[in-house]
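Note that chain A is present in both complexes that follow, paired respectively with chain B and with chain C.
And then the complex of A and B:
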């Protein structure tokens, strides 16, 4: 569904991404793994159409990625992106104005599932609640491709469990998820394919269940070997 | 559920579901969770959930009614067989470990007979 060919991004003298080739298939969950500064966010922002590649091409559903495709691609940034004054209800209205595919009923349902109320203020939320608010707003869009940048970072165990539950519930045969993280253990039970990046380069992709079946290797084993 | 990182996830979930059948938490004819529910319950993706049911179905532990869902097998001997099979596996591992410690079968049987269950 998404094809990246020879993708590079240069900021001045710094190469954030180097000649990256990657194909994503519909119906799979991808784990984008690498240290901070390895190029994960740069790649996501590029696919989300927020920054332009210096070189290379991105094809979405068989044609060059265009402005219209933003409607089908959801990107969740790692940094907080709501105004302090906003209540959860305002976040919903804000999203509804921006995205045609945003479903308010679904948003309310997702909030409820994770124990959030519409009257809660973003400013008064813990980091865990904030993470849940972000995921509810992002997944209330019926996007074909969901890019989640560090959705589990810096939140408590229970909030992580809730966010993971929502992800595995929503990720089905009709959509594609990419989750960037450096928390290997948190994602190994549900990621189909791990994509390892280092210093802006794609080092390897690995089908995690296949690795366990064929080689008895965990995602950590692979990480330690190649990174 | 706590997973072993080196063992295929689908195998670990199947083992857990079989245990639930033996313990009577899943009974013959019961409706099993949908793929989506199974995914949430075990924190696996829905491809793995589908694979789990495919495997269990091919082994006869459950069957699918098209458009309705997956159900626990109503085969009479099924649960006894699962129980036997899982007991054999536990025993095999146990014997292996004991042999590693240098015990022969006779010693082991003697030790088991002499073993006092821990009091709660």
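And then the complex of A and C:
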């Protein structure tokens, strides 16, 4: 569904991504793993259409990635990004206004599960609550490609379990999830393919089930070996 | 695009509310002054409202440019750039909302001015005096044959020229901000350079019109009292289109948030 060819991104003298080639298949959950500053967020923002590659191409569903593909690609940034004036209800309305795949009922249900109320102001939320709000808004979309940048960061254990169960619930053979995280143990149980990125380069991709069955290795084992 | 415009207008709602409240206070102070025969208070309120009008209109335009800058610089930029809309729609919505914001502020000041004028005439002699005053103004206008001094076409040209000047300022501001976030992104002085660019582009455009207007055939075509012509209109329309095209083109190819 998504093909990245020779992707590079340079910020001044710093190379955030170096000639990255990666193909994503429909119906899988990918774990994007790497140290801080390894290029995970840069890659996600490129696919979300927020930043332009310095070199290389991104093809989505066989055609060059364009702004209309944002109708099918959901991106959740790691930082708070809602407008200051927004309440949780406004966030829902905003998503409903711009994304045809947004399900308002599902959003309200997710807010409830996360312990949030529609009248809550995004600006006044704690970082954990804000993270939950971002997750609720993003996962209430029936996006074909869902990019979640550090979705489990800053939220309590119970909410983490909730987020993981929602991702598992939403994932099917028609969509694709990419989850960037440092919490290897948290994603071990539901991620199909781990993508390891280091210093802007794709080091390795690993089918986690195969690795477990054939080599008896967990995602943590592979991570510690190659990073 | 309507929804984009709605959200763009929302971003400047606080400013509109502040302007509305300050203007209401100004009108109330003026009314209080004329009701209680305190001419000094009424005069100060009127002068302050009049003097602030141009500054507030100028700020309204500058604020549209500052909002764009914020929409490119902060994490809130994701809200705008993650939606499935082209850069042309996004910049179009920003431009239209900037114009609407200005019209709203203009309408507020016009309404405040009308209220103050009517209140002043009314307190001076009641409804009959007000009617007489309007009649007198109309008679003076007819006697002076204002058409010879300032025709309707001149007034329309004046409105068009103000609109085009405003369009040009906003377009240059948008271009300068986009330049600072694209080709100048790695520069330490991107902000300062973009401000300088804003004034330089403005100067170049004005100089361009001066040069075109120095051509005798074009200069003589400005047959209206205020000196405007179809060439003036065409020049600024083309310049605005070029600025908008350059901004969109640059953003489409280079802009990262």
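Methods note: the second predicted complex is superposed on the first by the 221 of 227 C-alpha atoms of A that agree within 3 Å, B and C clash if a C-alpha of one lies under 4 Å from a C-alpha of the other, contacts with A are read in each partner's own complex, and residues count from 1 in each chain.
As a working rule, a contact is a pair of C-beta atoms (placed from the backbone, for glycine too) under 8 Å apart; a residue touches a chain by one contact, two chains touch by 3 or more.
Only a predicted model underlies this, so the values are computations on that prediction, with no experimental measurement involved.
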- Following the overlay on chain A, give me a clash-or-fit verdict for chain B and chain C. fit
- Message: Once chain A of both complexes is superposed, is A:52 in touch with chain B (first), chain C (second), both, or neither?
- Response: second
- Message: Quick check on the superposed pair: does A:29 touch chain B, chain C, both, or neither? Answer first, second, both or neither.
- Response: first
- Which partner does A:188 contact after superposing on A: first (chain B), second (chain C), both, neither? first
- Task: Look at A:172 in the shared chain and tell me whether it touches chain B only, chain C only, both, or neither; answer first, second, both or neither.
- Result: first
- Task: Once the structures are superposed on A, label A:97 by its partner contacts, choosing first (chain B), second (chain C), both or neither.
- Result: second
- Query: If you stack the two complexes on chain A, which partner ends up touching A:221: first (chain B), second (chain C), both, or neither?
  - Reply: first
- After superposition on the shared chain, which partner residues are touched by A:77: those of chain B (first), chain C (second), both, or neither? second
- After superposition on chain A, the shortest CA separation from chain B to chain C (Å): 27
- Where on chain A do the contacts with chain B and the contacts with chain C coincide? none
- Query: For chain A, which residues count as touching chain B in their complex?
  - Reply: 27-29, 161, 164-165, 168-169, 171-173, 185, 188-192, 209, 212-213, 216-221
- Note on the structure: The answer for chain B against chain A in the complex is residues 3, 5-10, 36, 39-40, 42-48
- Item | In the complex, chain C residues that touch chain A | 3, 7, 10-11, 13, 75-79, 81-87, 186, 253-257
- Message: Considering only the defined contacts, which chain A positions touch chain C in the complex?
- Response: 11-12, 45, 48-52, 67-71, 75, 77, 79-85, 94, 97-99
